[in-house]
């Protein structure tokens, strides 16, 4: 409880506030004997760092330290603790937010729950919290790679501009990590970037949609009732701040189709003729590619003046300074991958207990 | 693990196969001293029973028995076990499915996971499994009622026909339980029913979308990181078979908006000027109405001939007999409410531990 | 929470009050494909039933019904629910206990916790609660047998009479199930039985010590920090009502020895020269026999008059009628075995996730 | 799982190896708004540090850093992470242990489980692991103090010398923290210390027994079936390395008594005439003092030559150098208190969910 842990067998606990001494994670249950280097964690953290002009200008090196659980380059089976210190913290930026409830933020609900809050950069509610997830996800990805499972996410929509689908000829896997928005087609990416720059100039922000695929997921992952693969994956995705919607496979469109149109069938064992379901049926992976899509609302921290109230209940105009993303799209990609990896790693281990 | 339990403090475990001796639930953690009658459970189960011509013709009385945890009409604090026996089971209907993998079903993934399966009516993967959820949800609803929290769901789309939204004048709360599809507007309901009858005649099936609102949810419910209120609610909803998509508040549309358009702000403490977020921000309830929407794919069991393979890997044509829903819409409504109630009951109890 | 579940991967939930409609268990996480018959469960329940003159005269057939999770004689991987109805319930026996706090019982703490209680035979706090544990333990034993792990418990002390130790020539494995106290030596058993009969005549009761051995436990079971094999086993044993003490291996005597006397060493891999540790070091099984001992206090329900207070705080004299054991020794044996089996089954499954 | 977390609502996760970069804990679920200073954590860690001549000469400052969860001297409700760096690590001391299985240690079971190990000072299995528990326990103690609950432990036996019981006139609460063994009577403490010095000279080690009392525990703490207060406390205690036995109240002596002798009764509500049960009946606290006793085996690391085998299965003579305690007695006292505090803090929070 407390809600800072995720997973049953491959379990991660994260900690840290945006402007406290540091953030990090403890991964408990990673199997022993896995080769793991600090560089693999650094690489994922680097993907999460602010990049283009529409990301936060906070410049954190995000230099992780492995505190435990790895010895001579291999996981020990004991908990792997990773610490990322906050270095470019400017808590003074937030003094004007101390007594004001920011629109679109959890400030007031947090106070209703806990009685008071750390107002500096959102405290524990900051998107900076995901740094611990990405570090943990890097370990999960490494474990999954040893099982041949591969995860890839990208920005499929940003500021209202939609990228082509994977079946579209314009979709380019190699383009994804080559443009600042992590979109799979450059022209659209440029249009979206232009729109985001415009919103920035207006002191406003944008939303986005992230798509994710996991390949080589063995069939049968997931538990058939409450801990369905999609249920757990949904919990993982909605646990990322700002996520407001999710679809597996055909998603909402499936509600409009008929059984004869949408039923996935096999042509031979493990070979599916279609994948409307997005790789999961009855809560179990089918062996087809796991496919889902996640929608993020626009970043709520905007510099445009907003009307709100303060702790005394008085109306007040708020201008948020600090350093904020305009659109989380590029940085959300490694976070979605990390959470996907944590879910799959857990189920891969759990699968070992299914048969007598 | 095994995945047949849900919740931390208000915890339900369900059991039972579609054509075994019976199904049921054990609710552990329901506070002591709550007035609870068998009729309250029966009433919810009756709402879940097959109704109109497009529901399964299986006619189960769904007569629950409380085996434990209630004494002299009050909950004891000990586990409440409820048993619903299968009486109108016709397992012989399923003999032709024993060696065939039904399209759109988890037959093959189940075998991949467990080595063999109970093919009779889907076994544990049957929608009949939800009978235990609804019984447990009835208890959760009773507890929530004692906290003034009220939950209502309805069919907002069926077979492609969309009902008006709540802000629309045509939306009628009283209509919901008055038509077989549980839609809030009769004309649309009749069109959708006609379409579903047509699909039935063709041996096909339809999907639907269920909407849900919870009112009087106190602010601050949920845990701010992994166990966000929306994360747990998403896990609850995607744990219902056939769910493929979910939205909170503005959902996917939020990805297209800007911060200045979508940021919810308060006009006085606890009074929100807008509710784009659907009553949850940063994983915590805001005190505004909790609003979400869930999409169900079409029922995969259709009588239309389908091509698939059998256990020997041979191609075969399948005609599913048995008794099946054409559209789950009306019966999914109490299931969505039940799962919503389980999530909220858990968080109401958890909330008591938040402050020192 | 609520505390009616035990185990992580092989998880049991029990339910039921002493004089309610019935008791039982739900086992979630038992691997699929295990052969399981009703007779195997009946056999263990029969061992738990009242036997000799010093056991309760309540005569329950303890006729279990498997409600789910088993199909054609094999476990499905879905939850196995078992129901045992209360048939020989005589709740009227307990009318005089309704407003009185029985000495040595949890009546008053229960009311302090929950506000009211089911006074009939102790309600959920009754030793009858163990019927669900024994049913679940029968399944765990069956699973462990498939792994060659064998568990045996016996009464090593009753009413102050101590049986010989296993290394003693007088210890007879075959004698255990042949005398009503389940002691491994007949002469001592007869003396103890005589003593217990005398106590019964006086309206008093006796305590006992149960010893348990598990053989062929593979090395490395357990988790090295909080979920040590001995920690989990201790939780299992102290979760049995009336248990007041426990020792592994040399137990309290170990506190008086020296390292050079008590350090267990191997002569070849997996072959231990001594077993002072009782088969567990650093929380992990060593591969030597797992050995522990559990002490039960005397049965608190005695017919001898006792001074206590009632709900109005008035002093009162209490004479407990009802039907009660004088000494739990013989019936505690299968309960200890059942809980030991549940712990080991859980760790056997967990072990599968230890290595990469 | 992985087993490095403890507790449900007040949950601690520990991490760290004896000779890795550092150790620590993450406490998730500590209620918000609790005053907490670094000094309170330092004070408990100082009590755990090596002291007299019979403790390890490893001289760690054990200087904790609070990484998160505390803001302006108050707990935030978010996870509290604490890091203690290893500074006086001399891993070279352990080179000769790399390929040898130390008697009385978990070296071989660890390898059987995980495939390889960190041999330096026992790695994760080191008693140094308890530093994270004591830091977490300091927070739990602070929370319990706010509830008026007080915990005190002491050495009641060391190297075979037994201290007087609390009811004995010679028992002196003030003496406990005044002698290096934390015994409540100086003459016995001096005899025990002399004995321990003698064992040290012989290259040998000693065991001990720690007693613990918690006062002002409200009645009804604990859950009546598997999560009994004593069951959870036993799990907590047996999770401490080297613990081999435990008693509540009269413990093993209870097995020899009769119901009429041992049944605790009240003279008025909450006032118990006797406390044979040690403050817990039926798994629930009675409101009387919670009393238990825990036995530790002798420290297995001894400098006396021992016969064992190496990784190639060859017999070898082992002389353990490194820096080791001769008797854990004084240092085990704060560890027992810490674990007791973690259990009680968890149940205090859980209690809030018991009534409707």
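Each chain carries a letter (A, B, C and D) given by its place in the written order, and its residues are counted from 1.
In this text, a residue touches a chain if its C-beta (ideal position, glycine included) is under 8 Å from a C-beta of that chain, and two chains touch if they have at least 3 such contacts.
As the structure is a computational prediction, the values presented were derived from the model and not from experiment.
The interface with the greater count of contacting C-beta pairs, when B-D is set against A-B, is A-B. When chain centres are defined as mean Cα coordinates, C lies farthest from chain A.
Measuring from the averaged C-alpha position of chain A to that of chain D gives a distance of 39 Å. Note: centroid distance chain A to chain B, computed from Cα atoms, is 26 Å. In whole angstrom, the spacing between the mean C-alpha positions of chain B and chain D is 46.
Shown for chain A are the residues in touch with two or more other chains, namely 1-5, 8-9, 14, 29, 32-33, 77-78, 113-115, 124, 224-225, 350, 353-355.
By the touch criterion given at the top, residues 1-6, 8-9, 14, 101, 103-106, 108-110, 112-115, 124-125, 129, 157, 160, 199, 203-209, 218-228, 230-239, 241, 243-252, 254-270, 276-278, 281-287, 295-302, 304, 306-309, 313, 315, 350-351, 353-355 of chain B touch chain A in their complex. Chain contact summary for the complex, chain B toward chain C: residues 1-5, 8-9, 11, 13-17, 20-24, 26, 28-30, 32-33, 65-69, 71, 74, 76-81, 83, 113-118, 123-124. Residue ranges of chain D in contact with chain B, taken from their complex: 8-9, 29, 31-34, 75, 77-78, 143, 146, 224-225, 349-350, 352-356.
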